[in-house]
Amino acid sequence: MIIRLIERTAVLLVSLVVSSVLVFAFMAVLPGDPARVALGVNASDEAVAELRRQFGLGRPLPTQYFDWLGGLLRGDFGTSYVSKAEIGPQVFDRFQVTLWLVLAGMVIALVVAAPAGTVMAARHRKVSGLALSAISQLGVAVPAFLAGILLIMLFAVKLGWLPANGWTPPAQDPGMFVRQLILPALSLGLVQGAVLTRYVRSAVLDVLREDYLRTARAKGLRPFPALWRHGIRNAAVPVVTVLGLQLATLLIGAVVVERVFVIPGLGSLLLDGVSNRDLLLVQDVVMVLVVAVLVVNFLVDLLYVALDPRLRVGSR
Amino acid sequence: MSVVADVNVRTSDVLTVRGLTVTVRDKTLVSDVDLSVGPGERVGLIGESGSGKSLTALSVLGLLPEDVTASGSVRLTGVDHELIGADERRMSRVRGRRLAMVFQEPMTALNPTMRIGDQIAEAMLIHGTRPGRGAARAAAVELLERVQLPPDTLRAYPHQLSGGQRQRVVLALALANDPALLICDEPTTALDVTVQALVLDLIVKGVVARAAALLFITHDLAVVATVCERVLVMYGGRVVESGPVGEVFTRPRHRYTEGLLAASDLETTQRRLTTIPGNVPPAGQFPSGCVFRTRCRHATEVCATTPPWTGSETTGFACHHPAEAVDD
Amino acid sequence: MKSSLIRGTLPTRTVALVASAALLALTACSAGSSTSPGSSPGGDQSLSVGLVAEPASLDFTTTDGAAIPQALLGNVYESLVKQDESGKIVPSLAKSWTVSPDRKTYTFDLVDNAKFSNDKPFTAADAVFSINRVKSAWTVSLKSAMDVVQEAKALSPTQLQVTLTKPSNGWLFRMTTRIGAMFSETGVSALATTPVGTGPFTFAKWNRGDSIVFERNENYWGTKPFFNQITLKYFKDPTALNNALLTGTINVIGTVQAPEALSQFTGNDKYQVIEGTTNGEVLLSFNNALPIFSDIRTRQGIRQAIDHRALLDTCFAGRGKLIGSMVPPTDPWSEDLTNVAPYDLAKAKSLLQASGAAGKTLRLRLPTLPYAISCGQVVKSQLEQAGLKVVIDQQEFPAQWLTTVFKNADYDLSIIAHVEPRDLGAVFNAKYYTRYDDPTLQQYLAAADAGDEAAQIDNMKKAARRISEQAAGDWLFLLPNLIVADKNLKGLPQNAITENFDLTRLARS
Amino acid sequence: MRRLNPSLVAGGLIVGLIVVMALVSFVWTPYDATLVDPVNRLAQPSWDHWFGTDKFGRDVLSQIMVGSRTTLFVGVVAVGVAAVIGVPLGILAAMARRWPAEIIMRTNDLLLAFPALLLAIMFGAVFGASTMTAMIAIGIASVPSFARVIRSGALQVMRTEYVLAARAAGRQPFPIAIRHVLPNVTSLITVQASVSFAIAVLAEAALSFLGYGTPPPTPSWGRMLQESQEFLFSAPRLAIFPGVAIAIAVLGFNLLGDGLRDRFDPKLEDRR
């Protein structure tokens, strides 16, 4: 187990280094002089030169890379070329916003998918199972932003039950925070939930076919308790993988929903950064997203070990 | 067959199966099976794969796969209701308590994410046969001891044990609540030859110690000979012959039993091994009448009708052209 | 003056800015007279205004883009003079001013009770500092408007004298824009994040990616605004902006981005819809340096191939105004020039045939701005009917478009709204991306800047007619000032002709 | 003996319909899909325009038809990129020794950290937003799932007796890969391809919504949906037609994938 932990950690560290090089290299080939773009087309050459000097854009790329990486490690994300503001606090704020949204969405997805997928598996030959199956197929086919637009039309504009958009930090007004979170979390959660449902169903179907579940029934457990006591943990392994992947994809995937609901999340920050050519900001945001994904994958790996004792011995 | 069945019903039997028929969609997999197991009796159920022996066992336990339905009657001593068609609530009280089962594949029969001790203790806690967790764990240690596993097995996970060890755990688990009947479905088939004998020995010791009845399913004639007192031979979803092990194995009457014995080296090693011609048809595609007639050298036109049961329920056969009853 | 005429640095900003400017117009008469800070009728009421383009920074001295002055000018920062609704230059921090007979020396009498939000009083020294700082510390190209200033000096704490190197009508006008904003000597250390001005509002908070919050300046020297707190909320998606008003999240749509969706509000008596004009000329620009455009028949042919009415109906729901040159109707020298090159498909075809342009392929490089993409598709279709081939090529705005089209002039045709006020001279210039080199035009413009008011108007009319007749570009339409607001809101401007969105006159009835 | 597989039939029909629609659109559409006709703008559905017209007066049905080409194009290229990189990678990882295989799979995992949307935005920033950059980004982002699925399939093939026999007979890895492994994972490739196809269609729609998808005037369902937003109240049909088209296409490819999976893997027959 220790070996596995060390191995995973090593993989994580190597992945982090490799991806930081990738991200940096990618940004370095972006066309357009970041200083000139930051200052606008009408900026004088002197002003551009000054900004380049100020931000050290003329230095050799390796130097720039190591300075950047060193800064990140110290928690210093640098100063935006465009807004002249510290990037760190912005990224941190936006990340929190997106995290709230994504986590709320995932909770909804799980709340929808776990029972629905289980019922679909348990009754996969019955009408109720087939009906749920069909609904989930439709759910998967609807783009999240379309779901968002439809939810707004219905619950905000037509019925007026909830705000159409906006974001309030939970510390500022918890009531408003929740009200504004509901619709975007639903549009993420329902669509992701439909996807997840299909994985839950297939995982539960696999488990239902397992001999140990029959053993549990033979012990005298009724079908549902047998599934609950013996199946959930086993079914959780593949579902957790998908959950981890979804979480990772959603950190950036939420940008579409953020756009529809005017939520100042990380994805929106990235899009703004790209269109303003706020190079350092983009680089930082991409890196944060990549780190988040790698860390989530790492945690999922650890979770496997917690879920499946077979993984605890040796390396694999 | 039911004509004969009512002649000799032993009311004291632990398990009584009457007219058991198992179907999936329009196909009949098991038809009209009668069988009884007396108290403390060890009965073997033999046949090739696809003969319906496992389905028979699962019908008794009420754990048939979805889509597969059983009809007929299954009664268990001490249970005041019919097992076929009983609802989950009632069946779950019988399973693991009055009736326990050891499955063929020990590698997958245990939950990989749960400790052995918990899995054994659970069997007792479900039925409340031990007052609490502590008592259940203590009982589990004792059960493990009986199957010759050290007490620290309690803390182990299934993947840390060998196949033989796991099968012994399954056995311990099955015997935890002193069931009236233990059903074993090919319990040693998946094991190394070296550990087969040990497991068989433990099974026999286990049921004898509890005075439990045993229904032992296998395709291995030698195993039946070691473990069982009486044997039923199944082919094509029907019981084609039954009787005490010694009798059936030495003087088979049904032509299928005869072929089966000839194909195995159980009886004698001098004779050249013969095989039964043709293949076992796929499930549900056995011929009408005598199910064996398509592969039987003795088959005639009369075999197109279902052969009647000859003899008593415990000793008899269903064949139009039985082998000679050789008198010694 | 070579100021940049492009408004906005974000995709939606170009349009957005237009509306903001409109609001300023109404403020004119508020300045001046009241000296006692009485209590405001609005009490502690607050208001939320929806806009489309969030500033990237709060420092318009080093960051281009219309969103910053839209939010800050007139609200947080004030200038010496400002424009009233009719476009006339009126007092603000300067109570009055005199111009010397040679029209080179301006003497301003300043108000004596204005205070910066850092509690420092506003004096002539601050004015001198602010004017000089444009030349020294500003980096945006707009700063060139101050090149004409020879010297600024404080005659007394309330008297400022500015000497120009030559007479310039443009200078005083530019002093109404961001160039004229008055800074405190001790308040420029963190312009990008903490603006310090004398305005009726103080900057309170910026939730990046979401909103900017202003609070009423209780120490304001003039008439205090009605609202205690105003939030500028930024939306990238026009539909989200509409929904926000429909559900009461905001009270005003400062600039409608989706004119087609206006019908949601026009029929609803909870809302008022304001429709006026802006300074935003949507220009179909020609790269006049290319050989194909050296023939006036090509340029003329393109102009006459475009059915402007149909185009406006299609890509901006018919809102907006048709113009025939680079002059909005609110400028004093405005004339109807829409008949200089009327839609005439047959004529267009023969002109293009004659010049040899017919059958040639032109690259229409569009910035990724909704109206440009929309109008581009109509332009393509109409030009192809006249015998040209048009390939649409999207350029991400601002970064990519600014580099390719604006800076490198690597394009044949493009479409963008020029939203700066009085930008004719700046846009039609050999150094600008239009590459329009015309000595005659330059003569008119120079005469207009140097002359008296009558000469200015006369020469500007000639200039406007010149570019129209020469077909230096095609003016597709003038962006409308479209505002939707809660019915009971007052003080919204009819026309948007300034750089800022004036929040100071807004009130609830 | 084998039951008719409803997923396969329905998915096949839908996908077939889209392909036919795309093919027909090359030779015939009711109108020129890009023809701007201000006089007929925002026309209601009628005999002349079955689905009505948009704000440019373009025929919506014609656009949907031509848009299906974009959809298929996006899917084909994205899936092609993913398969061309992912399949060899997966097979290689299955056949390589432990450490090389580990490195391949770790690199593959690293790619998971760059979801389609992120890659597409980054690519869009460098190369400009276009259908091609979007598709390549989506394709690259789909590589990891391809490689994983193919690897696990290939591992199973590698353990079969005929491959063991071939290896014992001293056959080189490459011929084994081509002769034994590849043919035996084609079913997995097909299944994964149709699933990735559905994902690509959705991703293109999302990118178009953000302005990083197919640029005008090429008709694309995603962009039609995006452009329809300001008409949600006045002419909701403009959103409904492309929205339904996207949903049906995704549904079709998903059903096809499920159906193929059932067919190739009878053990999983129950899955839907």
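General observations
Read from first to last, the chains carry the letters A, B, C and D; within each, the first residue is number 1.
The definition used in the following text is that contacts are C-beta pairs under 8 Å (C-beta built on N, C-alpha and C of every residue); 3 or more make two chains touch, one makes a residue touch a chain.
Being a predicted model, the structure only gives us computed values, none of them experimental.
Note on connectivity: the fewest steps through touching chains from subunit A to subunit C is 1.
Under the contact definition stated at the top, the chains bordering both subunit C and subunit D are A. Geometrically, the chain at the heart of the complex, using CA-atom means, is A.
On a Cα centroid basis, the chain most remote from subunit D in this structure is B. Two chain pairs, A-B and A-D, are weighed by contacting C-beta pairs, with A-D ahead.
Remark: subunit B and subunit D have CA centroids separated by 52 Å (rounded to whole angstrom).
Averaged Cα coordinates give subunit A a centre that lies 22 Å from the centre of subunit D.
Distance between subunit B and subunit C, defined via averaged C-alpha coordinates, is recorded as 91 Å. Residue positions 124-125, 229, 232 of subunit D each touch two or more of the other chains.
Looking at subunit C, residues 11, 237, 239, 396, 400 sit in touch with two or more other chains. Multi-chain contact residues of subunit A (touching two or more other chains) are listed as 31, 125, 149, 259.
Taken as a graph of touching chains, this assembly has some other topology, since it is neither a line, a ring, a star nor fully connected.
Pairwise, the chains that touch each other are A-B, A-C, A-D, C-D.
Within the complex formed with subunit B, the subunit A residues making contact are 125, 210-212, 214-223, 229-230, 233-234, 307-310, 313.
Taken in their complex, subunit B has these residues touching subunit A: 61, 63, 66-67, 88-89, 92-97, 100-101, 103, 105, 108-114, 122-123, 126-127, 157, 159-160, 170, 173-174. Those residues of subunit A that touch subunit C in the shared complex are 31-32, 37-44, 47, 50, 82-85, 90, 93-94, 149, 152, 156-157, 160, 163-167, 259-262, 264-265, 268-269, 272, 275-278. Subunit A makes touch with subunit D in their complex at residues 11, 14-15, 18-19, 26, 29-31, 124-125, 130, 133, 137-138, 140-146, 149, 153, 201-202, 205, 245, 248-249, 252-253, 255-256, 259, 267, 270-271, 274, 282, 286, 289-290, 293-294, 297. Residues 11, 237-239, 242, 258-261, 263-264, 307, 310-311, 313-315, 317, 368, 373-374, 376-378, 380-382, 392, 394-396, 400 of subunit C are the ones touching subunit D in the complex.
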